[in-house]
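I've put the structures underneath this note.
Two complexes, one shared chain (chain A), two partners (chain B, chain C).
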Partner chain A sequence: MKFFEPSRETWLHRANPALKLPLFVVLFVLTVLTHRIDASFYLACAFLLLLFCASGYPPWKTALLASGFALAFASASLTMILFGKGSEIWWSLGPVSISEESFYRGLHVGFRSIAFGSQGLLLVLTTSSTGLFYALMQRLKLSPKYAYSFMASIRLMPMALEELRIRRDALAVRGTGRGSFSLMRLPELYALPLLAQSIRRAQRTALAMEVKRFDTGKTRTYFYASPITWNDFAAFLLLAGTAAAALLLANGLPVFGLGDMRMDP
Partner chain B sequence: MSGKGSPAASRRKGLTLTDVLVTVVVSLVLGVVYHVWASVSSIAGLLFVQSDELVYGMWFAASTLAFLLIRKPGVALIAEIAAAHLEIAFGSAYGIQLLLYSVVQGLAAELVFAAFRYRNTSAGVAGLAGVAAAAGSLLADIYYGYVAEYATWLIVLKYSLRAVSAFVIAGLLMYGLAKLLEKAGVTQSLRPVDRKEYDALDG
Partner chain C sequence: MENRIESPPRASDAPSIAAGVENLRLKFPGSHDLLFRDLSLQIGQGEKVLLLGPSGCGKSTLLQVLGGIIPRVTEVPMKADKLTVPESIGIVFQDPDTQFCMPYVDEELAFVLENLAVPRENMRGRIEAALHEVGLDLSDAHVPIASLSQGMKQRLALASVLLLEPDTLLLDEPSALLDPEGRRTIWEAVRRVCRQKTVIIVEHRIEEVQDWVDRVLLFADDGSLLADGAADLIFGRYRADLLRYGIWYPEAWSEAYGDGERSVKEALPVNGELKPSGRSCEPTALAALPGAGISSANLEAPESESWNTPAAASEPLLRLENFRVLRGGKTVCAAESAAVHPGDLIALTGPNGAGKSSLLLGLMGLLPHEGSCEYAGSRPSGRRELRDAAAKHAAFVFQNPEFQFVTNRVLDEVAFTLRSEAEALLRASRTGAFAGWIERRRRARPDAETEAATVRRSQACLDRFGLGDYAERHPYLLSLGQKRRLSVASAIVSDKPILLLDEPTFGQDARNAFAILDLCERLRASGHAVLMITHEMEIAERLATGIWTVENGKLSSVRATGRSRDDAIRLSERGGAR
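Let's look at the complex of A and B:
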């Protein structure tokens, strides 16, 4: 069984990607415009919970994928905690100064990064690339030449990786690409042949696609239908409800009770 | 290019499927490089505070390289979006913000090329486009990562390193790579054909 295959389908899987993508972009903007730590804390919790419930993957897989959030949390918050502006200094040494403001702002940035990650992973796990581009072509009038190019590129990816492997082996057999100057010769030894091959292959593929009329815009038919259904409404309610619940909890049951996290909002 | 082009010449003016697919594939190869580069970046980050910014310019390389190869309006933006799309297609959790970052950075680079009316393909202009993309990423960082709340010396250090890196890697290095590809003869069939060259055939 392949790793990226949901074990069950949820409303989010069945929703039309052309609606789902804008919905997630709105969620992203909403999270970016969140400046209170209580709100960001609850947004992170709510979307993490939704990720586990609605991604359609078994919990252990979701947990494995979400484990990267710990690193994102640390890298987002540490710089802010150590080097952020603030007046209530707790501890300082050389360029490092930890203040109360920068500490909580660091946590806030960390919570936001978990919220972003959960939303992003939820979108990625419930949407297939093919479904997304067929929906964008049919619902949002994306020109087929872009849609089919992007879809074709996913199929060309394994070939590029294969070529990288062959190139590495070939250089190893010839004994080149080692020694102290190998880093300087990296563009010539790897980037040039890989790019040249890929560009030529892309051109051949594109010419074949043009001949087969993949770029015709008007009055074309599609292999997959991409309808708007009640699932879209359900997905909208689910996402909007989660965001609203998080913001209501932040108002009614604040954990930190602090105001805007910026110095001069 | 004169107004009355032959059908073949006028057909090649806008972006064709070939242009788009080649642009996307250039980003794809750079996407492979990016995965290696992520570890280069974390090693570089061990030197001093924010030293990973020294190699940050690689993240803007797709747009300049694609433009230097194809030389048409729009490819810089498409190249950035394609690089972000690759991350989404292979399951990155941070796909949405990469997508929005890529739009801002791609548009910034595109603006520089547009300012030179898409005619100037020198190393300097490519470097400038890289710096513009870096400025675009600063704009996005202010909203996304609250970087305006860092200590002032840190902001200056971080973004001047990034600008220099963008100029060198996205500008000069990609210019060199484009020259190598030109020498290898890959680019001949990619670029728009001048009216002059058709006239040369007629004469």
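Let's look at the complex of A and C:
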């Protein structure tokens, strides 16, 4: 998992996850409630830019991770463009009809999905799971029971993946997947051994944790402190500033110059 | 109840009792029998006690009872007149991968300290002290646990247990899944840190602990206490039982296989009192296989003439020339030139991560490759062709047998190989696409005769592997040793000439390990070749005809041990004649 180690730390990395998480939730809501194509366009641009600048990953890695957005953009916008309603028909063939309205609505949806994706990826890339759960336990009173269960399950994930690979090889050796073995049996073939292993492993891990006197009722101390620092303020300014800049640009320097996308644009 | 207690529980020697039970009865839900029937024992403060017994006799369960985990944490119906549980315990379990809940070394140790509500500023110091104590001197404690070797993980588990400052330490086969180096270091660490503590150990391998423990409790198959006494006394007097129970003691290898001179059969205990309960008290592969090994006649294999006749002995079953296995475009194992002949037993050794498993996967065509890999003269070019050739000539047994099971019944597991083989033959023989389709439809419902023959042959194979009584069972419900035998049985039932094994004796008790090795010897005797990954140098030295060493992604040495390819045949003939 060397891939997911940032090469440098930014304000966003140092910000307290317990504050960062609500901050991003606000950004998500803002993105969802954006109805003007200029605003969504600038939001997409601004957060894509911020993703490249502040994620702490080298540009090629960020580009690789963000390449999925192209697919999200295409899938979200194409459906709307090709099948959306509208009066100003540009081109039509059978059920497909591209109208001016549907075209812009499609782009709008696409921009929003890019903005959404950039924000989500930015949050994920700048937050370690351990840090997030420690912050949630200390700041937002998340029960340690759930926090440590999640952290333990994250640890078990790569093992399950490795076993999936082994099972695939083993099935190839046994010669399944050909002949009378239908696709229908495939889930069963994989689920049984992998679940059996995972359940046993989880049970053993749970026992080991209990033996180490993990008791949810007791008071506990925390290895990582979860302080509120100037970094949080900086991160807040950075995110709020980016969003504000996007909205101001949309007002002052509109590219499309269209109104509310829910109405007639 | 025949508790032959050698010495009374030493209440007099030890000032106080660390742990003990009186008249323990315990039953696992779903099992017919009580696991323990009125078991009583006491363990004194500061004693080092080893619990020995066959697999499945309940040692680990007893350990958890003595540690207070059963019934406090794990609910198992049990009853005891009196249960003394240590004030504070620490346990190191067998599996290095399932004892941690955090991704990093320091976080894992901190988890323990958090549970004890240790103030944050004291944590760093205690973490470093604990790591130092177990000999895990990392320059920075913030390293991913996944990057540690298995042996280091066990020492980390020991360190995290030490932070609990327990007065009693329970060790549940902590070295069973480690290589020799890992075994040495974990026991060194245990000895160093546990001088003052009470230690209760469950272990199958007594080499490292025999001169350290004060007292040994020996259990019988049914969970009753067979003997209780000083370590040297038990090891001396109950040696026969140690062998029978599959316990690894230092001389187990030389007693089973002699010093390279005597055959397996000759080395088996022949003393009368031992006979009914020798290694074959559970039918091992050795006991179950016919004297002459697996003859091709009773296996009805269609393509078995060429490789097991003496004339073909010089012809290699597998030949590698400039063979390179790739993973993600990079070479993970390269073999310049190597060959496997009928009757070979090749031990594939080398450090962890050197590329041994990749080599085997490459041979099976499961990973991309370059260069040539010939199976019995045929020279497949692409990956798919290699996979088909490998499927025809080689059987592969994975480390965890469960991953190879594809059916819900032991018998079907073996029959599956035969059925899919028949299907593959059919596919190969079809002429036109349409004719083939019709043929397949027609044959898709096997006629009663073929089906009966398949079942007969599968049942015979199960009998040979000592699994005949379990034909109707679900494969997952077998014991570990049985599972492995089943995976070997289903791999070789169709009489493929090469058997590839990934660490077949790893983590097994001596009984199961020897059963597998005996089986390999039998296969060798009938002209098969075996290629096995192993860390066990005894196998390489005593049984192998060749040793391949893999280092840094390269097959660095291929050397013959001087053991002849057909001595197994000779020995078995001699054995059969007697």
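In the analysis below, the second predicted complex is superposed on the first by the 253 of 265 C-alpha atoms of A that agree within 3 Å, B and C clash if a C-alpha of one lies under 4 Å from a C-alpha of the other, contacts with A are read in each partner's own complex, and residues count from 1 in each chain.
The rule is simple: contacts are C-beta pairs under 8 Å (C-beta built on N, C-alpha and C of every residue); 3 or more make two chains touch, one makes a residue touch a chain.
Computed from a predicted structure; not experimentally measured.
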Chain B and chain C placed together on chain A: clash or fit? fit
Which of the two partners, first being chain B and second being chain C, lies in contact with A:Pro6: first, second, both, or neither?
neither
So, does A:Pro254 touch the first partner chain B, the second partner chain C, both, or neither?
neither
Superposed angle chain B/chain A/chain C, CA centres, nearest 10 degrees, is 60
Counting residues of chain A touched by each of chain B and chain C, the higher count belongs to B
| message | Just checking: does A:Arg174 make contact with chain B only, chain C only, both, or neither of them? Give me first, second, both or neither. | response | second
Pick one for A:Val124: touches chain B only (first), chain C only (second), both, or neither. first
Let me test your reading of the model: by the given contact rule, A:Pro95 touches which partner, first (chain B), second (chain C), both or neither?
first
Which partner does A:Tyr148 reach: the first (chain B), the second (chain C), both, or neither?
both
Is A:Tyr222 touching anything from chain B or chain C once the two structures are fitted on A? First, second, both or neither. second
- Message: If we overlay the two complexes on their shared chain A, which of chain B and chain C does A:Leu189 touch? Say first, second, both or neither.
- Response: second
Once the shared chain is lined up, is A:Thr205 touching chain B (first), chain C (second), both, or neither of them?
both
Shortest distance over all C-alpha pairs of chain B and chain C after overlay on A, integer Å, is 8
Chain A contact set shared between chain B and chain C covers 148, 152, 154, 192, 196, 201, 205, 207, 209-210, 214-215
Contacts from chain B onto chain A in the complex sit at residues 15-18, 20-29, 31-33, 49, 69, 78, 82, 85-86, 88-89, 91-97, 100, 143-146, 148-151, 153-154, 173, 176-177, 180-181, 184, 186, 189-190
In the complex, chain A touches chain B at residues 4, 24-25, 28, 32, 65-66, 68-69, 72, 76, 79-80, 83-85, 95, 97, 102, 105, 109, 116-121, 123-125, 129, 145-146, 148-150, 152-154, 156-157, 160-161, 164, 187-188, 191-192, 194-196, 198-203, 205-207, 209-210, 214-215, 261-263
Chain C contacts chain A in the complex at 67, 69, 73-74, 89-91, 93, 95, 97-104, 106-107, 110-120, 123, 144-146, 157, 160-161, 164, 361, 364, 366, 387, 391, 396, 398, 400, 402-406, 416-417, 419-421, 423-424, 427, 444, 476, 490
As the complex stands, chain A meets chain C at residues 1, 130, 148, 151-152, 154-155, 158-159, 163, 166-167, 169-176, 178-180, 189, 192-193, 196-197, 201, 204-205, 207-215, 218-223, 225
